[in-house]
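Here's the structure we're looking at; comments come further down.
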Amino acid sequence: MSAARVEDGAAVEARVRGAFAAQGLVRLLGAELLAVAPGRVAIGLPFRSEFGQQDGFFHGGILATLGDDAAGFAALSLMPPDHRVLTVEFKINFLAPGLGERAIARGEVVRSGRTLTVARAEVAVVQRGSERPVALLLATMMSLPSAAPP
Amino acid sequence: MSAARVEDGAAVEARVRGAFAAQGLVRLLGAELLAVAPGRVAIGLPFRSEFGQQDGFFHGGILATLGDDAAGFAALSLMPPDHRVLTVEFKINFLAPGLGERAIARGEVVRSGRTLTVARAEVAVVQRGSERPVALLLATMMSLPSAAPP
Amino acid sequence: MSAARVEDGAAVEARVRGAFAAQGLVRLLGAELLAVAPGRVAIGLPFRSEFGQQDGFFHGGILATLGDDAAGFAALSLMPPDHRVLTVEFKINFLAPGLGERAIARGEVVRSGRTLTVARAEVAVVQRGSERPVALLLATMMSLPSAAPP
Amino acid sequence: MSAARVEDGAAVEARVRGAFAAQGLVRLLGAELLAVAPGRVAIGLPFRSEFGQQDGFFHGGILATLGDDAAGFAALSLMPPDHRVLTVEFKINFLAPGLGERAIARGEVVRSGRTLTVARAEVAVVQRGSERPVALLLATMMSLPSAAPP
């Protein structure tokens, strides 16, 4: 963690924004990185009809993707600069139908270890200006040297 | 389950195909329903660069979406005709990087109850004709009357 | 939820304490109900060498049992008086070795529905007066009429 | 994995039996190691009234403990001889009430990596000679050098 500690906030943010922008999926969906701080990341996604499941809400897979990303980039923000993050596993509980104009996933690190990081994310939807939580995610992330094979 | 039992295989397949086609996400991604049988569903998805995470493999969120769908539609296939399926929660373990031309998710019901169904899915990728598992998903699905509020 | 709402705090506590005391496992382990409030329950367990796994710490199964109970009784506290709680599933992440004289599990309800409740628990150990979190649990609980078959 | 590969089956079994016997919890509960093979372990536990939850069945925490152990020792059986196993996390779905004279947990490795192993376990109960599955567990295990701090 010493390497991360000497990085200043701006460097952490630039590093996370770079990894975020490199995701093809982000471009496909149109997700935005709303906020980055050490151990915390927020990601937003405006609703489009193609994100719907059969009932017209945000598909659970989209909410899971956002939550996974928010938790993963929160974990990455505390990893050494020359490392990347892999999701080992996650679990997600859906709390309410994802009906709204916009989804927001907020990820935070629960415990940061040398190899493994435990992180969680809350995914909310905003409907007519009012926000409510729709999913809760708990994940295990792994830190790998950028040069290592996946 | 009595309602499902009197449905023949063709009716089950037509019902699951209808629910699958109604998902906007399916059109966005280009996923195909490969096989439907009572309690079992397989879904395929050709790779596109927009599905990639930062390392150029299938993003975990895409694999999770496929697995969730395969498990959910497997559960739906055993539910009464006038019911729909909601994902209560799922957990997914990633086994290997999702590098390949195509992903396949195979879902199957583990235990089908009146209200809750436990289902699992294995997600594999096909690379140069050779298939290998990349993720394992275990989910809880809920049966709801189609007319009920979500 | 209306039934639970008209119950006063003392009635809720008496109901949860009754269900807790009825668990044979509680007597086997020596667990104590430390606190009960609507939607929140804390359970304590002094360490004994038989609780150890191969390295001499609290076995993960014991920590999971405590967390499951704390989450489950928190859920029960918001259910109607004539209902009981069943654990549908839970997931637990271990954060640090469970080394200490005493474990404490604090459960809280995240979302309470008519049939399903999402609850989480944090399990901590106390070592020489200092407490630290060792596990995080996220669970799905089900409400059943007491008279119904399990 | 090379170290494990040169170990013969008897050496693997002796190593797993030693780690199993070192668990205080095993003595508390009275669990038995029924079978050990590379990547597979079965554990049995006769019912005692103290294992019951409030309804008189095997407590979910006991079933989770058995499943965690079966998955963990299955993982250990494929690790190098000088390594020990830690549970990173697990998820368990309960399929049916754990009513019976005896529980059996069968663990198997799904994917064995250098640092992390994915393993699963099925827990069944035997009632009047008839066995049925009651829980399904999916876990992430970590390999650590025996000498390393936990």
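Brief remarks on what is shown
For reference, chains read A, B, C and D in written order, and residue numbers begin at 1 within each chain.
The rule is short, and it goes like this: a contact is a pair of C-beta atoms (placed from the backbone, for glycine too) under 8 Å apart; a residue touches a chain by one contact, two chains touch by 3 or more.
The structure presented is a predicted model; accordingly, all values stated were derived computationally and were not measured.
Contact with both chain C and chain D is made by A, B.
Ranked by how far their CA centres sit from the centre of chain B, the chains are topped by C.
The interface with the greater number of C-beta contacts, when A-D is set against A-C, is A-C. Although chain B and chain C carry the same sequence, what matters here is overlap: shared residue numbers make up over half of all numbers found at their interface. Per-chain Cα centroids separate chain A from chain B by 23 Å.
Spacing of chain A relative to chain D, judged by their CA centroids, is 33 angstrom. Centre-to-centre spacing of chain A and chain C amounts to 29 Å, using the average Cα coordinate of each chain.
Counting partners per residue, chain A has 88-89, 91, 93, 118, 140 as the residues that reach two or more other chains. Residue ranges of chain C in contact with chain A, taken from their complex: 91, 93, 95-96, 110-111, 118, 120, 133, 136, 138, 140.
Considering their complex, residues 19-20, 22-25, 27-28, 48-57, 59-62, 64-66, 68-69, 84, 86-94, 97, 99, 150 of chain B touch chain A. Residues of chain D that touch chain A in their complex: 88-89, 91, 115-116, 118, 140, 142.
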